[in-house]
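Labels for the chains are A, B and C, by order of writing; each one numbers its residues from 1.
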Amino acid sequence: MHRFLHRTRIAGLLAVAVLAAGCSFVGARDDGGDTVTLVTHDSFAVDEGVLAAFERRSGLDVEIRRAGDAGALANELVLTKDAPIGDVAFGVDSTFASRTLNQGVFTPYRPRNSGEIPQRYSVDPKHRLTAVDVGNVCVNIDKRWFAEHDVPEPTSLRDLTEPRYRGLFVVPSPVTSSPGLAFLLDTVTAFGEHGWRDYWRGLVANDVRVSAGWQEAYKQDFSGSGGHGDRPIVLSYASSPTAETRPDGTSRTRALLETCYRQVEYAGVLSGARHPEAARRVVDFLLSRRFQEQVPQHMYVYPAVRDVPVPESWSRVAPPPRDPAELDARRVERERQRWVRQWRDLVQG
Amino acid sequence: MGLEIRDLSVRFGSVPAVSGVNLSVAAGEVVALLGPSGCGKSTMLRAVAGLEPPTAGGVLWNGADLGGVAVHRRGFGMVFQDGQLFPHRDVAGNVAFGPRMRGASKARRRERVGEVLELVGLAGYERRRTTELSGGEAQRVALARALAADPRVLLLDEPLAALDRALREQLAVVLAELLGGAAATALVVTHDHDEAFTLADRVAVMSRGRILQVDAPSRLWKHPADEEVAAFLGCSTVLSARIGDGLARCALGEVAVPSEAAGAGLLGLRATGLRAVRFGGVEEEPEVVGVVRERVHRHDHVRVAVTVPQAPELGRVEATARVDDAPEYEEKVRLWLNPDGVAVIG
Amino acid sequence: MTSSLSGSRAYPVTVGVAAVIVLGFLGVFFAWPVVAILGLGLGGGVGDVLADPATWRLVAFTLGQAAASTVVALLAGLPLAYVLARVAMPGKTLLRAMITVPFVLPTIVVGMAFRALLGAEDGNVGAIVLANAFFNVAVVARTVGGLWSHLDRRTEDAARSLGASRMRAFTSVTLPALRPALGAAVAVVFLFCSTSFGIVLVLGGGRYRTLETEIYLRTVRMLDLSGAAALSLLQLAAVVVALVIAAVARRRGERTLRLRQATDTARVPQGGEWGVVVAAGAVLCGLLVPIVALVVRSVSGDDGWTWAGYRALTGTGAGALEVSGVEAALNSLRTAVDATWMSLLLGLLASAVLVSLRRRGSAETMDAALMLPLGVSAVTLGFGYLITLDTLPGQLRTSPLLVPFAQALIATPLIVRMVLPVVRSIDDGLRGAAALLGAGPLRVRWEVDIALSARTVLAAAGFGFVVALGEFGATSFLARPDTITLPVAVARLLARPGELNTQLAYAVCALLMVVTALVVLIVERLRVPTAGEF
């Protein structure tokens, strides 16, 4: 009995100690006051100093809430539009923009410097969404592999169906992956409503590998990142080579700039926001020079605001594609599900 | 004053277990509840303890209804048939449990444990694990545990049933002394009349959820209230008789009975109430003759079943014979009535 | 004269309060959100989905792979359970810790490890089954091993003396006695496998789909709520059927067993028993291969070995995370501590209620209700939270406590599964004895139920903690950036290019394994056997 009591006492003390040491979220304070909630996707990242400076200057406390990937974000916003989970959202991309606009998720706001954003990024004449950054989904290659194997590097989508690139390409599935979906849209743009399926037949015949996620394709199967995979061609982003730079400043990989599909990411003030004024200031902040300048380094995308300089290494190893493909957002919204279904029947049927 | 059970009924669904029982236990009195298994006596004990909710009636202590008093506030102690010792505590931990619940100090607890272990003859057993105890020791620890809490009433549910015969008889005596010495108020459930008669001041015979008779052991033995009680108390034969002048006359002869009553009556006959003696046919034919139909050797006598040609309506009648003079199968024996084994029913 | 029941029977009041707490929690944090999100989708399209033969292929594949995974986990787990329960050997604590580690690993990482090890780049059902089993071997080994170590060995000896072979004694005596634990393990593993998400996605290569992955895709990517609702209903139905089967299997098995102290039943193996020990060793090696692969991956860089990932643990991986790896570890611990005490509280209250319910039907219904969260998609629950919790006071929808709440939903049924058989096997007479000696209803629970099941409760708490540590689905959905846990950090890091992020991700993974092993070792330390305790 004494031993038992002894042990329960120890366990009790342990529990108290654990709780007292702050090993609990009970009593963790939810910041009140001038908090503004920014709803965004998992890939959102910002330089701490830049954000802190904004909070200091504006007197706002920015709370960041993540909602999965870009697709999940858009759908969560639609689902909660009557009781929004925040004040302002960033990260709805051109693939999902139409859905949020149709559902009235956002309310119009025209930021001060919206004139500095190229017209081609605009998605809504009512200014409910403002472009913040631009990403490009492109085919990437492992330069070293091609040099070592004495195979000429591919340049276009069409090249990937050629026999000499057989068994070299890995791409994430459009069903389960955002860049995968962008690549499907890319092929639809490049080969048209009738040609894209033939193109994919060619890819399948050329032993393309389809993975569920970008992670498996890029981190595991691609030979150019970490040198572990067996496939030197992968679908990734125009900016990916910047993550693979060597101490000498060169990159082991290269994006094929003729294969790119553009995805613009937008921000907007949520309808029914509790702090609409603060929300507008956050949008302004996202378009500010200081935020725009750190976008490449932290989110691997290009700033949307005109003439914001990108890091020097970027212009060397990851220049933006000159004329990437892009589909009209409304058409994407209308046809996406059909394309995905057809793709599934074709590739995985 | 003391414990009073009034119109107590317990049902399990539609099955009545205890039906309208009335019984009182005076302070310092030991009452045994005697009955065959399944008669509801254990259920009644559990209802008294508060472990089983009564469907009607109630339990009173010194005139106050205990209906609203939870088990742990009744101050009743209980010894279970299988001990129910706490396996995670040693002997001292078990015995000290009651005092600990009352907030007794450590020193006081230790002292009390020593006292009651001494009382049940287990001095020095404090640190033993309960799993190391023999059956008899375990039951004594269970008793010590109940006593250590100074219960107002001690409830014993077949406390000795799980033990072998020799141990049972020996412990019954120990228990009787303990209960008597402590002037305890106790209710003992048992199916064994020897045990009931050893322990109790009064015995209540129970059957099918009802109490048939409550009496002092000697009176119960001699005067069972009806045939059922008589049968349970070992009377295997019931026969009509004429009673008068301290004698009862029946088909098996005459026997002295303590009854004051006169007129027609019923006798209950235990095996010991009829002696069977061989006579080998040499003597003259005795008054009552039986023919041995079965014989079984018991520890200190031979039990025989006989048929009586003079009274064929009795069928087979149980009787006893001496071991050194046991009759053979089919042998004719002389039968005579022994007043110790004869009860007057009613 | 009649007496009132309320006073003398204090149990019903306490039990009622406990039931209200448990069912209230389940109602607010599970039933309401799930019903709300399903309600949004009902009506349109549900019939079409149910009429589509592809849907039924999906159901068949989901159940098939779950059943196969359960069988493999069972076959692999039993030798380990035997070794844990019956073999006297040093280092068992370490063994227990080692087999628990797989349970917490992020599915994406394990998926990628199996993908590389088994060459399953194009999607492979065998790999899905093996990986699911890999995760759940610990559930089988611990649940079954726990009961096994308390079984009285003499019943087996009796069977042997009556002429039964070792195998025969096992199948005719031991196996039936283990049935409650086997039933519990099978039910839990089957639920885990049928709702397995990351594994199916990564190892299915997007080609193989289950109800769970399809619900995720329809909810998160397509916002096809009616399709998702139809599939969720199917999933729920499948889960309920599985639970009913488990309950029926359990019905005859759960009873008062002759339990012994654990140390009495372990001994050096004899003869054919060595075969089982060898099998257990093989399973252990199988478990270690992916783990070793992960560790190797965490220290291998572009040009040979590197500690870069581990050095980066104090940083945020080039801004990929709001917190450092170390802070994520602290978040994991905090969240898991909260989830553990919540699920322990709920689990013990639920066990108390389940033991007190006299009507078998109501007990089984409540038991099944507690298990349901294991069979519902994390994304369904997460989206349900989004549309319901804003009506509650206190900003719950964005509270950091939401994560432990969700984790507690998953850990509670596991704790109940472990504690309930032990509490049910406690002789009710002991409770009566304690009450008669002056212990009030709560004191009885403490002095008898808790004291007698203390070891199991402690083990269950440890397991609940581990479950919370490894939980990914709900956590990734609900965690705020500053409170993300280790598994979520791993997933975020892997979603970014760059070798350092990858190394850091695997280093975080290793950290998660170390934290888990430490927790298990600490819990094992507290589990010293005490006199007389089961």
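Note that in this section a contact is a pair of C-beta atoms (placed from the backbone, for glycine too) under 8 Å apart; a residue touches a chain by one contact, two chains touch by 3 or more.
The model shown is predicted, which means the values in this text are computed figures rather than measured ones.
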item	value
Chain ID, smallest distance between chain and overall C-alpha centroids	C
Chain located farthest away, centre of subunit A as origin (C-alpha)	B
Where subunit A and subunit C are represented by their mean Cα positions, the distance between them in whole Å	33
Averaged-CA centre spacing for the pair subunit C and subunit B, given as whole angstrom	54
Gap in Å, rounded to a whole number, between the CA centres of subunit B and subunit A	86
Multi-partner residues of subunit A (at least 2 other chains)	4
Overlap residues in subunit C, where contacts from two or more other chains coincide	451, 530-531, 533
Per-residue multi-chain contacts in subunit B, two or more chains	88-90
Complex contacts: residues of subunit C adjacent to subunit A	40, 108, 111-112, 115-116, 121-122, 201-202, 204-207, 213, 217, 219-223, 300-302, 318-320, 322, 330, 333-335, 337-338, 341, 383, 386-387, 390-391, 395, 397-401, 403-404, 451, 454, 458, 476-477, 480-481, 483, 492, 494-499, 501-502, 526, 528, 530-531, 533
Interface residues, subunit C side, partner subunit B - complex	1-10, 427, 429-430, 432-441, 443-444, 447-448, 451-452, 530-534
Contact set on subunit A toward subunit C in their complex	3-4, 7-8, 10-11, 15, 18-19, 22-26, 28, 30, 37, 42-43, 45-48, 63-66, 68-69, 71-72, 74-76, 78-80, 83, 85, 99, 172-173, 175-177, 209-216, 218-221, 225-228, 236-237, 239-240, 243-244, 297-298, 300, 337, 348
Subunit C-touching residues of subunit B, taken from the complex the two chains share	6-7, 46, 49-51, 53-54, 56-59, 65-78, 80, 82, 84, 86-90, 97-98, 101-102, 129-131, 145-146, 149, 155
